[in-house]
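Pasting the structures in now, so scroll down.
Below are two complexes that have chain A in common, paired first with chain B and then with chain C.
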Partner chain A sequence: MTSNLIPDLFHILKSHFGDAVIQSHLSTDLLNIEIQPESVKEILLFLKKHPDYDVNFLTLLGAVHYPEQENRNFAIVYHLHSWSKNIRFRIKAFLPETNPTIDSVVTIYPCANWMERETYDFYGIHFNDHPNLKRILNEDDMDYFPMRKEYALEDQSREDKDDRYFGRTQHNR
Partner chain B sequence: MGEINEKVINGEGYQLTTLDKAVGLARSNSLWPLPFATSCCGIEFMATMGSNYDLSRFGMERMSFSPRQADLLIVAGTISKKLGPILRQVYEQMAEPKWVLSVGACASSGGIFDTYSVLQGIDRVIPVDVYVPGCPPRPEQIIDGIMNIQKLVQNESIRRRHEPHYQELLKKYNISLNDIQPNS
Partner chain C sequence: MEFKTKYKEEIENLNGELATINFGPTHPATHGIFQNILQVNGEKIVSSEQTLGYIHRAFEKLAERRPYNQITPITDRLNYCSSPINNMGWHMTVEKLIQAEIPKKVDYMRIIIMELARIADHLICNSVVGVDTGALTGFTYLFQEREKIYELYEEVCGARLTTNIGRIGGFERDFSPEFHRKLKSFLIEFPKTFDQFDQLLSRNRIFMDRTKGVGPISAERAVDYGFVGPNLRAAGIDYDVRVMNPYASYQDFDFDIPVGVQGDTYDRFMVRQEEIRQSLRIIHQAYNNLPEGSYKADIPEFYLPPKEEVYHQMEALIYHFKIVMGETEVPVGEVYHAVEGGNGELGYYLISDGGRTPYRLQFRRPCFIYYQAYPEMITGQTLSDAVLTLSSLNVIAGELDA
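Moving on, here comes the complex of A and B:
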């Protein structure tokens, strides 16, 4: 019974939401389902209320930046877990860099509050209807989103570090 | 008579210099440290306080967790940029005379954390008296740093806060000089 839940999941979502559910694939035993960002709230609510799935837990919400993918620059990833059925899977929605906006799921999973704030803090994703969308980990007056790939990881204010000793430049090759 | 009096009051006379030494001796052997420990250097500092290395030998029996009562700020560990203003506030709340010991590579220079979120050395927010290198330093090294602080305390003027270079240093860090009145 439980074993069919994951193989059936894509078809159940597809028959219920149609074009809002795009595709699915397995990566390292974990099912990934790509959806349209506009439908994230209704799909997550559907999974939570569904008696066969009972997806009661949002393990993680985060983002990935793909600068080279046109109109699919940010992947918003939802790791979902059903404690009673013992199944886990991922929901992904892709956003364009020009308008990185998606609905907040705080009303469905209250724990998304801080995770969405973190995603905003590091990637600049705007979550519609979030109760308190401001920086959570970085200092409040930071003026950029540090996990976007166009920004350097290293602190830019140092003069005393020799790049040769940090494996960063051609000197070491 | 008037000439002699003037020398005693204004010059660094015999009485004043011996007082310097007596006060320096007292201060250096009764430092109350405020441990501002954030990571692994803090664990080494705990070992330094523990019975094997026994920091109490240096008159540091009492760790002060109130900056108002502390003389020595021991910063041990990585300080993120978000923590910088808090560290600065702790330093400002300490009463003069005060000293700062920077323990470990992270506090001294950012260490391996050459990244956007980490302060690249606490000397960007507060003046530091002694740096202890190491990642993390052994308790012996921390004790060496503390003994260097003690040497500083013994040898500098008891009126350090009135010295022009000290005031200039604080001004460079934009730290308020409100409580520093010359000739008070």
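Moving on, here comes the complex of A and C:
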């Protein structure tokens, strides 16, 4: 049963939303469908209300940063799961670094609330119409988005750092 | 927002002044470091705001710089009450990416350890629910049993809390004779103590009055808020990753999924009690049918070779060097793997660009997602009920903050 539903999914979305659905490919385990970020709300709502798919659960929402892809710097990844049909798939929307903005899906899946806040916190993605878009794990006055690739983890061999308050000095390193 | 409307009238009829109470971040009743700023009218909670991130350790960022085998110790520190499940979930994620073939024996060994971890996780949660209602006795009994589970971990990997158990592809060694002896005695002795605990609380009039109707959530709201695991099943939905998407040969085993009706503290307690029994059933089946074979998969590029071979064989030396230097080649790919952790669906979303470290690793931490529902669950309830609701949700700070 599920074996037919998965390949059809792309064609059903394509025939219903046209150009808003861009492409699909099968990764190691799941089907990925790429969509235009503007229509994320309609597509997720359509899938949730669709009687054959009944996608009732948003498993995971997060972002991936691709600094070198032009105009496709951030992927917002929605892992969706239909419990009644037991199918899982991913919806991806790519955003440019100049304007990383996408509609919030809190009205469709309330559990997206904190996951969107976390994505904002770490990647600086702005979610339109989010009820409470502020930092969640980091402190409020932080002025950068730490999971972006330009913030590399510290090089352990650097020499210029003043660590004496942490017990490390130039003499004991 | 059905709960808010349900209690709205009650709240409006209270005429006292509102007081602000900091519930946490360091308060014994929070069982972890997280803060709730409560607005209370007398003893009734009017609103609450959560602050989290007190033990945020940037695991997802750290993982982007570590070779695959060095990420296992990070996963220990998510839900530290059942770290073997986190470790093995991560190992299975990598195995899915490299498409390794895992021997049946490894699956069964993993299931024994994972179900022991689930028992340990549920034991802590349920005995702490008892403590929060004022019944300290059961807690002391069960901690003795949890100690025995930790001794079993110790026999397998040498560590107790942050276990780093197993390897990508299996285990570092076979179960020792001492492990077999300890597991056998655990399987005989544990049910006796557990039954005593069960008799102490499950049908205890005082305990039932204290927990029934406390912090309830309906099935629809639970799904909306992303509930999984025992908390979802207490609300009446039988979603379990072990059955829905079986991993590590869970399809070979015969076990039941307990469900509750009300989704309140008592149902959550009872669902966990029954899950402990079902876990014991699974361990019995896995242990009695433990297949012959190897305790590790044949993936030399990920599994550290024995030291004697490193000295005498060239391939072993090469693999040893590559693994230790973190230069193992990983295929390009993207996988999501979910296991049923102590708190429900624990997922790993891994993107590999073929480099020595993951390009992106995201954890689906069940606590983080369902803890959002907490204000809705406690609005209109009393302060002491909020404590009970929090402990019965089994919110683990390490998993919440990652």
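Assorted remarks:
Operating definition for what follows: the second predicted complex is superposed on the first by the 154 of 173 C-alpha atoms of A that agree within 3 Å, B and C clash if a C-alpha of one lies under 4 Å from a C-alpha of the other, contacts with A are read in each partner's own complex, and residues count from 1 in each chain.
Assume a residue touches a chain if its C-beta (ideal position, glycine included) is under 8 Å from a C-beta of that chain, and two chains touch if they have at least 3 such contacts.
The structure displayed is predicted, hence computed values, not measured ones.
By the touch criterion defined above, A:113 lies against chain C but remains apart from chain B after alignment on the C-alpha atoms of chain A.
When the two complexes are superposed, the chain touching more residues of chain A, out of chain B and chain C, is C. Residues 137-139, 146, 153 of chain A contact both chain B in one complex and chain C in the other.
Residues of chain A touching chain C in their complex: 27-30, 32, 56-60, 62, 64-65, 77, 79, 83, 86, 88, 90, 109-111, 113-115, 118, 122, 136-139, 146-147, 153. Residues 81-82, 109-110, 114-118, 120 of chain B are the ones touching chain A in the complex. Chain contact summary for the complex, chain A toward chain B: residues 137-139, 146, 151-158, 160-161, 166.
Across the interface of their complex, chain A is touched by residues 52-53, 56, 58, 60-62, 64-65, 96-97, 99, 223-226, 237, 239, 244-245, 333-338, 345, 347, 349, 351, 359-360, 362, 364, 368-372, 401-402 of chain C.
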